[in-house]
Amino acid sequence: MAVTREDVLKWIRAYAEVLAENMEYLTELDAQIGDADHGANMNRGFRTVLQKLPDNEDKDIGTIMKVVGMALLSKVGGAGGPLYSTIFIQAGKTIDGVLEFELEDWAKALEAATTGVINLGKASLGDKTMVDALIPAVEALKEASQQGLSLGEGLALSAKAAEDGMIATIPLVARKGRASYLGERSAGHQDPGATSTFMLLDTAAKVWANDC
Amino acid sequence: MAVTREDVLKWIRAYAEVLAENMEYLTELDAQIGDADHGANMNRGFRTVLQKLPDNEDKDIGTIMKVVGMALLSKVGGAGGPLYSTIFIQAGKTIDGVLEFELEDWAKALEAATTGVINLGKASLGDKTMVDALIPAVEALKEASQQGLSLGEGLALSAKAAEDGMIATIPLVARKGRASYLGERSAGHQDPGATSTFMLLDTAAKVWANDC
Amino acid sequence: MKKLINKPEEVVNEELKGIEAAHPDLVKVYYDPDYIVRADAPVKGKVGIVSGGGSGHEPMHGGFVGMGMLDAACPGAVFTSPTPDQMLEATKAVDGGAGVLHLVKNYTGDVMNFEMAADLAKADGIEVEAVVIDDDVAVKDSLWTAGRRGVGLTVLMEKIVGAAAEEGRSLQELANLARKINGQGRSMGMALTSCVVPHVGKPTFDLPEDEMEIGIGIHGEPGRTRMKIKPADEVTEMLLTPIVEDLPFESGDEVLLFVNSMGGTPLIELYIVYRKAVELLEAKGIKVVRNLIGPYITSLEMAGTSITLLKMDDDLIKLWDAPVKTAGLRWGA
Amino acid sequence: MKKLINKPEEVVNEELKGIEAAHPDLVKVYYDPDYIVRADAPVKGKVGIVSGGGSGHEPMHGGFVGMGMLDAACPGAVFTSPTPDQMLEATKAVDGGAGVLHLVKNYTGDVMNFEMAADLAKADGIEVEAVVIDDDVAVKDSLWTAGRRGVGLTVLMEKIVGAAAEEGRSLQELANLARKINGQGRSMGMALTSCVVPHVGKPTFDLPEDEMEIGIGIHGEPGRTRMKIKPADEVTEMLLTPIVEDLPFESGDEVLLFVNSMGGTPLIELYIVYRKAVELLEAKGIKVVRNLIGPYITSLEMAGTSITLLKMDDDLIKLWDAPVKTAGLRWGA
């Protein structure tokens, strides 16, 4: 019960579609406490990713992820660009050179990705950023893999944890990113980056679960 | 049955009040086919006129009218400024040095005023300007004085003629002034200058009739 | 009404106070009657260049007072031409003995008030010439109407004639130059929104969210036609074609292309329009040799643009390039 | 959405095409990755000054590329910081052998992307220093947050540091100068209206007809507080007081006063604000020795203003007065 290269490609393509569908929603969230571009930024990045995929479909999973990361770095811009780029590049480095991976590998990959995001953005849990979706998701994956749960179960738990983390950003006062400029006024709004991160992990759970 | 200096002063003060009350209305008319300032311009001018009157109340009627004309010239601006200034200066020249005047004098004064406006602005009857209110009013005054009608009757007829002329501007396509830039689109709107001119003559009829 | 003002009646006075505080090196401001003259006026032996008009078109005209452009500007109330006493005092203040040239935009009010001022100045022994600017092709010209409005070309004329005056040209030469510029410059404008005259407090005209006005002037007055909003490229063509056909501008002509913001349209959009205008002109063999892009002759906060084309020659290019030092336009000094 | 654009996705590209067509004497424009460099780059032996950020703030930054100011600007999507590859290419293009200084506004995205670019450039053997600008007193500073935003001071820093680079100062001197400027400049802004990001198509925030936002940034983001519209004089005081108190600026200080339009606010209103700001400063014994008034760091068509105060000294004044020749700021050349 492993995630194959084809699964990874399917995941990226499915996520691109989710972003296209939710572009306005993410923008709307960003308009509340940011600058109304998160949806467009992510969508622009993944349009480019889709263009890069055909030439790289025969590469190993790590390479594919790094290609995605580099495309995002040169197309997204803003805070989201380097951060999402880091997620893919760090995850790709962790599961480099393989054509499939297990739950345990994914837990490590997402942990490396999260560490990368934290090193870059200096955000902690509770700062109302994508980190609030990432950390609980990593914890859930690690626990699931320690408990020997199935890939499908583990992914579902991590998606659920990311969702809870995303929802938990609502009452928070932002301390990092553009929302922090609003001070107290940032409370009461869901963080757009945490939302797109939940969507990323939720898409993984849905796409990869179907296959195994 | 003559118009006295006190009547003239009363008329000017009453017109200033009419303008203040109709400032928005005149501006609204000017917004349709002009630049939305006729009400404010006229009102600004007559505020200044009111300030100048106390020092000149003991002068003759011609001088008072010329003082009004000079105040308008230096305060109204736009097309309305020189045109209304001309009305008062030319009328004042015609009935200069007197302390009262008759219907016949007023007919001559308004005719001189109208000639002044036409010389300055080069508008003809039907160009959709204040001239469309002035010419019929002058005709009415001349006829009334020839027919030996009373001052009150003559003034009432001239006010009515000005009103008809004002209303007749509605369907016209403007050929002079700012409204002419609109071409065909100027049709269907009442000319603001013809309207303020009607008000001027209507105020004269009302104020002076009460006294004689 | 969303404006950074105090009282509507105080707008022009407080603006003048701001200009006075900001640019003592460039201008002196006089009040009641209001006028702005360059700090070193009168310049001995130089023809004085005076313009003026309603306020609300900033930086025009007050922002163009200074070395190489205007000697004086007379600001009226918002969108209302100034009065003869302002123009008379300004004319006296800048007369350096070589006469004074009035640059007058063709509006009934401006023309009449400037004419009266010129008569008064002449009676005072000052030589005065006046040139009327009427470059707006949106208005159909005819003997029987007030003729065309003066719009964008005014800015270019003030710059070029100002530079020529600085060179020491005579009043007659300058008047001829100004008439030549008027003869070979054309403009047209459009609006995406109306503007709000301060003392009115609401938009001069209502424009639905999906419509625009074509052929507007600079006083918030409605234009010649109203239509659904079109992409910038189509709008550009809609403005440029009548301009080019009117003169007409022809293949081989060298032109100055001026893309102006009516106030509320940001620079980013002007460059989009400029790009298309150059493309259209090049396709006709017309060469853009100089340009001006920005909010130079505005209608308060109105969103929209106007395009002005001026046929250039070596003399005009040299004068355009000459140093100018004003609050609103500055180079080489 | 009332804009003179074609497609929202094409706005920045078409703007760049317009800049390229308009100013070949000043700049060269490169695409994919997008960046603008001065026409004579790299200038041998001179430190290259590079800035950049989201588009929609025109004329900043692209309009400030040229002699005496920036060597290169990297335009991102509207309100979105550019990407490291743009900054890397721009850095390479302007490296004249004396190193390159990155002037970075303090936004998480700008800082991260510029950091990555600097790392890549250093790996290519180019000496790079970065200075982060964070002048916005509307934002409470703290160790635990992203800190203050970079806003109006950016324009002043680009001009002054650009002039110093032109003088031949070293990378380290320029970085120190930039940090000094950042240390003694403060800003605050307000909005009367939101702006419409092209790809969003509706206002970023809704502001009722009688309300304003205080403490806004330059990306159409909401401010710190919302309140009923107040007269210009009160608004001016509301912006100026926290600026003065923050540094604090003190009696005897000489300052540059920058009154900026967010895009939709016309010059006539800026002068009203300027007038009041000078009055308030004079009452505190603070002397305005230089100024800048106009739309220089904008948020598309947003109506509103920001005020920036920079404490000056002889060196800064000399550098401010030095010639600058860019599309957006020009004097002495």
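Labels A, B, C and D are assigned to the chains in the order they are written; within every chain, residues are numbered from 1.
By definition in this document, contacts are C-beta pairs under 8 Å (C-beta built on N, C-alpha and C of every residue); 3 or more make two chains touch, one makes a residue touch a chain.
Note that this is a predicted model, so its numbers are computed, not measured.
Distance from chain C peaks, on a Cα-centroid basis, for A.
Separating the centre of chain C from that of chain D, both taken as means of CA atoms, is a distance of 29 Å.
Averaged C-alpha coordinates give centres for chain A and chain D that are 32 Å from one another. Between chain A and chain C the centroid-to-centroid distance comes to 55 Å (mean Cα coordinates, whole Å).
In chain D, there is no position where the chain touches two or more neighbouring chains simultaneously. In chain A, no residue touches at least two other chains.
If you draw each protein chain as a dot and join the dots that touch, you get a simple line with two loose ends.
Touching chain pairs in this entry, ordered by label, are A-D, B-C, C-D. Those residues of chain C that touch chain D in the shared complex are 2-7, 11, 14-19, 21-22, 55-56, 58-59, 63, 192-193, 209, 212, 229, 231-233, 235, 263-275, 278, 288, 291, 293, 295, 298, 300-301, 303-305, 325, 327, 330-333.
Those residues of chain A lying in contact with chain D across their complex are 27, 31-37, 40-41, 44, 73-83, 120-121, 174-178, 180-183, 185. If you check the complex, the residues on chain D that touch chain A are 33, 54, 76-85, 107-109, 112-113, 116, 136, 138-140, 142, 144-146, 149, 197, 199-200, 204-205, 217, 219-222, 224.
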